[in-house]
Amino acid sequence: MIKIALMGAGRIGKMHASMIDANPNCRVQYIYDINLEFAKEIAGQTGAKVATSPEDAINSNDVDAIFIASATPTHVEFITLAVKAQKPVFCEKPIDLNIEKVDECRNFIKDKNVPIQIGFNRRFDNSHAKVKVASQNNEIGKLELLIITSRDPAPPGIDYLKAAGGFFRDTTIHDFDLSRFILGNDPIEKISAFGEQLVSEDSKKVGDHDTAMLVMRSKAGVLIHINNSRRAVYGYDQRVEAFGSKGMIISNNQTQSSVERFSEESTFSKDPVQFFFIERYEQAYKTQLEEFVAMINNNTEPKVSFEDGRRALILANAAYESLNSGKVVDINFE
Amino acid sequence: MIKIALMGAGRIGKMHASMIDANPNCRVQYIYDINLEFAKEIAGQTGAKVATSPEDAINSNDVDAIFIASATPTHVEFITLAVKAQKPVFCEKPIDLNIEKVDECRNFIKDKNVPIQIGFNRRFDNSHAKVKVASQNNEIGKLELLIITSRDPAPPGIDYLKAAGGFFRDTTIHDFDLSRFILGNDPIEKISAFGEQLVSEDSKKVGDHDTAMLVMRSKAGVLIHINNSRRAVYGYDQRVEAFGSKGMIISNNQTQSSVERFSEESTFSKDPVQFFFIERYEQAYKTQLEEFVAMINNNTEPKVSFEDGRRALILANAAYESLNSGKVVDINFE
Amino acid sequence: MIKIALMGAGRIGKMHASMIDANPNCRVQYIYDINLEFAKEIAGQTGAKVATSPEDAINSNDVDAIFIASATPTHVEFITLAVKAQKPVFCEKPIDLNIEKVDECRNFIKDKNVPIQIGFNRRFDNSHAKVKVASQNNEIGKLELLIITSRDPAPPGIDYLKAAGGFFRDTTIHDFDLSRFILGNDPIEKISAFGEQLVSEDSKKVGDHDTAMLVMRSKAGVLIHINNSRRAVYGYDQRVEAFGSKGMIISNNQTQSSVERFSEESTFSKDPVQFFFIERYEQAYKTQLEEFVAMINNNTEPKVSFEDGRRALILANAAYESLNSGKVVDINFE
Amino acid sequence: MIKIALMGAGRIGKMHASMIDANPNCRVQYIYDINLEFAKEIAGQTGAKVATSPEDAINSNDVDAIFIASATPTHVEFITLAVKAQKPVFCEKPIDLNIEKVDECRNFIKDKNVPIQIGFNRRFDNSHAKVKVASQNNEIGKLELLIITSRDPAPPGIDYLKAAGGFFRDTTIHDFDLSRFILGNDPIEKISAFGEQLVSEDSKKVGDHDTAMLVMRSKAGVLIHINNSRRAVYGYDQRVEAFGSKGMIISNNQTQSSVERFSEESTFSKDPVQFFFIERYEQAYKTQLEEFVAMINNNTEPKVSFEDGRRALILANAAYESLNSGKVVDINFE
């Protein structure tokens, strides 16, 4: 039974608390949040102790591992504390919005031998994972085109937007990681990105984009397309298409039920697709946690590394560079 | 170039005239209809001569084959004339509504060696035909269950209903034939049928059914279900499902376009299915004609024989016997 | 927190134990099984106490409700004990295989005012439930045809078959109940049933069927078709189709993932459908339990009554009568 | 009856000859091809006269309209001859591979008042056309993202590649036009393009691409993605997706039949998609011809203008400029 200190008791922290609670191999031992009321709520539900400071939770002798689901600016601090305490870390994406801070942290953790798993949950979705397998095991032959469609059902509030660090670093970052995951050992080398403000006035107010398209090119010549929107009225649109020399595999959308309706106007009509990430990626979040538990128990490498988190951020930064310069930008992961 | 005498210039006659006209290996040489104006219309379109009597058309030296698309009560008469003239016959379904008349005709044509092809067009539909192939070539293993859904988009007028000879003999007869086609050499032995009057007042007025379900059993133990309705608001519902020991094949509905619509209310919504038989079975009607032409040119057996037409009628009659008696009825094809 | 005595620790008992454990509003207080080892296993997992006799569990002051998941022949006995103890009951289907025993129990429980919920889990499936709603709220107009396809992925062992009470009472009973659920207040009046032995030698040995088709008719003239098989190689085939005067709704199969594969041979290929009932009806089992908890907490009527369990058995018995007599059988629910 | 001079009797010329022949409102009066044998073949099938020179066909008093399906380098010459003769022109895409030559021709035809329809057949596909309608009539709200997937089933031979003028001008040109068609009055302003040689050695030999991805941006901020390949083993992949503020519409692929197969390995498996353009766009080619006939008979504007042909070429040229410079390129249609 792995005893976990959960950092952060907001929406995503609550979801993780429930999942840790339901997993028979771990439990929430400590919960810390800057907002004490939030922390108490989770404590009430899970039987966890409320920590009065991050150190209180992370350094407790009664804690085996650290699960970071707090606000992004705290991630690096908590990772650092956990690594000092030699405790395995799970950290929600992104590591940080600032690549220098990420690189500093990277230098610090080097040679510390503390496993850190980054929260790119989509890698653990059963359907997306089959796209990776088919792209790597020759089922579709040699991979040539990869297309990721990722559209949120509805835009977040302006407060979220202000802190999000920009559409590419907040949202597209998942798709950057998923691209890297499916490509395997073939690194992305070039990017050309477009961004628009079409969905909401809030985007314009904070100077962020809400609609985007980009193309990337891998070393082997695979072409990758990503398109994003902050608002798809039919639900959380999550598709991955891998095309190769011997075929194609698509991870298609999942509807809220399996009914099909037939009327004078239309046929084979299904319900809207799963509304948002907690519904759509429930299985993925559970599997992600199981992998974190297995990593600790079996002393294995994390399935999503700190470096994976860093490289997704580098791609997001390159997307902004392309957008601002009107040029195809070369990627440098060093 | 096969020169055809087309008997009947109504709706279905017109459709056949266009198809004969478009086929490079045959042409409408004579057109006969009891309504001279109808005949003249087709003559104008195809360059055919208008015949003043059935004999005029059928016995003409300038005619190689007879294509019967006239009213059902004339079918046997025209078949008889054609057989006397030793000319190959295509005859729309049903041969006749009266099994005694059909049996008499059967006796007459025996040993006359004139090929007669009956118009069960659905056998020639590419998708339905694949169901037969999969059921016979072991793709789905040994066939165990067969389910045919066949629903018209809208009920016909009362005049049609009065002459139609009853729902089973007019409509279900196609499904009886399709069942026999897919079963191959395995004969149907038992039937239990239900019929209702749910769709229109006209059905009640003429004492006919408009909604039906039945189950049949073949000698090998295959169970067959057919369901029918005279009104499906979403279009002409035509499905065939064959289930076997190693899998299943479904010939599913075909929509009017390949668009899919996504909105707040529904996703993957397609257009209505093809409206009615002329649209849905266009390819099948063309292939049926090609097979008729090939039968004449290659001197082969008809793909749908007079006996096939007779047996479908026997099944329809047995359905009525079951409906009236409340019993499972044994089929006798002798 | 409702404290439950769980009767039965076999496969289905284990599944229920996990779900009771995961539901925050109830817990397994006692577990009883004739096989002590089975009971101990669940006790170990859930923290429940092992009961040494049915009475020990059912009559405990520490128990609020009885959950019966034991072998069918024990159901009536445990229901009787629970009703005597005035404790709400959940009982897996079927109540019993013998209608006389069911009627006796019905007489006993009458006027005892103890709520009893029968385990027809499919009623709680979100997709099937939408078929009922659409059939009753005029979305598809007036219901006219109902088609249920229900095929197990693989046949059970011969020991199961020997005790199962026959295909109609063991398997089709779910579809009888689902038919009644969707029809609402419109009672089923007639049935004509066919059964075959096509799947396994075991069926023949025990004299049971493994393949079936039947047609029923409701008072309002709705025609209902059910088809069953004990073996569908592509997975647990569970479909419900309701057709009415204004449209159609289908609860279609659910595949194991949402990937679609495209190759030289085939396109839009999905994974097999959910393998069996625990996977396919996971949501339904959870909702069923939630409804049981809500029934107790809110003092409401059971969503699936003892009488529902009785009537499904009457339909199964009528199916056998039809099969044996070769006749359409009238249903008598009195 | 419009009497047509058909220029070109190769593969595409033959297809057009059949369609002209089958259309009741026009016929092939003259056929010209540099290869006399090809011309004679079509003459034999259609009853057309073989022209001994382009002028012979185009200037004949017996010819009402010119249909150009010859090799690309002859297009401008034949258009010029036809315009001089004041006869309406249909011309296959592209007008020419050289924009200067196109501009010269544009100057010549200006004020000549001879209608010229360019052969972008996809505009006439019923499903693609519904995407345009939905994008323009507010069905999907305001258009925001447009995604076109266009992949040939198999690469052409090296001789074709040598004359084709490059992947963007030969293949993507259809998608450039389709983008403009769906965007309506909103002009494309920017493009960023990527091209690869992944499919065949022939592409490398002739220095052409066979795999491509690009992103464009319209004046109103619509983002457009196109991806192409010269080889999709599952058939001719032709999809159009339009996403807007109120929904999405997809023109999806069309399979060769409507069967779905279910086995131990996979479910809902369909046949390969239509093999290539003659099968997939049969309806579109027929409608395109009907529109040409209607344009002449009703004296209306062409549905696809010379300027449409020119602008598609400008976009192709801009794609090459972007590819070569590694920059986002501004489009100039003047």
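All chains are identified by letter, namely A, B, C and D, in their written order; residue positions are counted from 1 within each chain.
Assume a contact is a pair of C-beta atoms (placed from the backbone, for glycine too) under 8 Å apart; a residue touches a chain by one contact, two chains touch by 3 or more.
Here the structure is a predicted model, which is why all the values come from computation and not from measurement.
Trainee: Chains in contact with chain A and with chain D: which ones?
Mentor: Of all the chains present, those in contact with both chain A and chain D are B, C.
Trainee: Need the most distant chain from chain D, centre defined as the mean of C-alpha atoms.
Mentor: It is C.
Trainee: Provide the C-alpha centroid distance between chain A and chain C, rounded to the nearest whole angstrom.
Mentor: Each chain's C-alpha centroid was found; their separation is 40 Å.
Trainee: Just how far, in Å, is the C-alpha centre of chain D from the one of chain C?
Mentor: It comes to 58 Å between the two C-alpha centres.
Trainee: Where in chain D do residues touch two or more of the other chains?
Mentor: 233-234, 246-248, 253, 261-264
Trainee: Mind listing the chain D positions that touch chain C in their complex?
Mentor: Where chain D meets chain C, its residues are 233-235, 253, 255, 261-273.
Trainee: Could you please specify the touching residues of chain B with respect to chain D in the complex?
Mentor: So the residues of chain B in touch with chain D come to 22, 126-127, 130-131, 134, 139, 246-254, 256-264.
Trainee: Give every residue of chain D touching chain A within the complex, in rising order.
Mentor: The touching residues are 141-142, 144-145, 147, 149, 151, 190, 192, 194, 196-199, 211-215, 217, 221, 223-225, 227, 229, 231-234, 237, 243, 245-248, 326-328.
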